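This report refers to the structure that appears directly beneath it.
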Amino acid sequence: MAKEKDTKPMANTVIGSTLVIDGEITGEESLTILGTVKGKIAVAQNLVVEAGATVEADVEAQTVTVSGRLTGNVVARERLELKPESKMVGDAKSPRIVIADGAGFKGNVDMDV
Amino acid sequence: MASDEPCLIASKSAVRGQISGKQDLVVEGRVEGRIGLESHLTIEESGSVEADMDVSQVTVRGEARGDMVAARSAVLHATARVAGKIRAPEIVIEDGAKFSGTIEMEVELPAGIKAGGA
Amino acid sequence: MADKETVIGPETRISGEVRGEEDLVVRGRIDGKVQLTQTLTVDKGATVQADVDVRHIVVSGTVVGAIVASESAKLTSTARVVGDLASPRVMMEAGAAYRGRVDMGDIAAARAAVSSRAVQRSAAGEKPAMRPAPPRMATAAKAVIAGKVSAPVAPASPATRPATAVAAGALGPASPPAFPRVAGAMGAMAPAWAKKKIRRR
């Protein structure tokens, strides 16, 4: 159970595709969502919103990678990436933001320049 | 064990009243009343007890109804049917056993978790 | 990626309601409510402070709240559980600690009671709160039992112990038919048996 202190995706928490969470998720590790989360998310590591997943929440994480749908304001301390086919509605704040060809995005971008 | 040979209430026998002692007791028949033992009470499959029980250990394969206090442990085997209250530091309920009632054990919860609520 | 099982990691906490149609393994913490059509596993070290309505539950960690498990509930040797438990199959290993009411009969009623409570609670907008549990036992009960329960003393055959058969004669010709009332009531394993008033002296 040696804890590796790295920022690579470890996906210590996985929310499966049929799962619906109404509330707040906080954590010191990575979070992968395949299901639905409404409320608030604050994780110390990486957040991955997989294809098919729905997130309606304000989000705070080290890195945020979206392949599904995300509605809410996002603060990614390191990096935000919107993959092709992803949909995001909300304000994005991060020093590095990648919006792939095919991604849908509506909101403000703040790269703290 | 308190004695080499346990005391037996045989399957065609019934006791109404109070049973107390230091000897192990095996019930294959019926007991109504109170059982107070400093030893092991076994209620076999054919046995049925309707009593308040205060014993060291209890093993149930038959029927029991009443308050059950075991200083050491209570074991409900798969054929057990028990209703009432069980209090013991160690309680085992096997798959198949039927129990209805309350269980009272000391439960040490992690810091910050309250059982009381509000 | 698609069929990852749901895991709440050890450093993750969820406050709110979790619903789903799959298995859920908790290594961290959930406060609120859990409703699953499959199995909830609460690992050692994990804490669930919630009313739980699932098919199966396996507890090795801590659960505080009312549990309804429509098929089975298992408390392993490291389980710490406080709250009412309704399930047709309840298993409890040596070492498990539990306090509450067990109902192995009427699951529907227990479920209705839990969900109506949850509704009132969310309507009031308050934080999930556990119901008062029975008073804690005297700490004397903390004394740990060394070793397992010895095998029940079950003499091999009736022939080997006729001399120890006592008390039968003392009461006259008493025999089980003398108290047919309970034999009948407890013999039938309909859930009704469990609802009969427990006689207290």
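Which chain is which? They are A, B and C, in the order written, and residues in each are numbered from 1.
One rule holds in what follows: a contact is a pair of C-beta atoms (placed from the backbone, for glycine too) under 8 Å apart; a residue touches a chain by one contact, two chains touch by 3 or more.
Values in this document were obtained by computation on a predicted structure and should not be read as measured data.
A.B. asks: Select the chain whose centre, defined as the mean of its C-alpha atoms, is least distant from the mean of all protein C-alpha atoms.
C.D. replies: C
A.B. asks: Name the chain whose C-alpha centroid is farthest from the C-alpha centroid of chain A.
C.D. replies: If we average the C-alpha coordinates per chain, B ends up farthest from chain A.
A.B. asks: More contacting C-beta pairs: B-C or A-C?
C.D. replies: The comparison resolves to B-C.
A.B. asks: Compute the distance, rounded to whole Å, between the mean C-alpha positions of chain A and chain B.
C.D. replies: Averaging C-alpha atoms per chain gives centres 54 Å apart.
A.B. asks: Approximately how many whole Å separate the CA-defined centres of chain A and chain C?
C.D. replies: The computed centroid separation for chain A versus chain C comes out at 38 Å.
A.B. asks: Using mean CA coordinates as chain centres, what's the gap between chain B and chain C in Å?
C.D. replies: 17
A.B. asks: Going by the contact rule at the top, pick out the chain A residues touching chain C in the complex.
C.D. replies: Where chain A meets chain C, its residues are 11-32, 34-35, 39, 43-44, 50.
A.B. asks: Tell me, which parts of chain B touch chain C in their complex?
C.D. replies: By the definition above, chain B touches chain C via 1, 5-17, 19, 24, 26, 29-30, 32, 34, 40, 42, 44, 48, 50, 52, 57, 59, 61, 63, 65-67, 72-73, 75, 81, 83-85, 87-110, 113-118.
A.B. asks: So in the complex, which bits of chain C are touching chain A?
C.D. replies: 1-2, 4-24, 28, 32
A.B. asks: In the complex formed with chain B, which residues of chain C make contact?
C.D. replies: Touch list, chain C to chain B: 47, 49, 62, 64, 72, 80-83, 89-105, 129-134, 136-137, 139, 141-145, 149-150, 152-155, 158, 161, 163-168, 170-171, 174-176, 178-179, 182-183, 186, 189, 193-196, 198-201.
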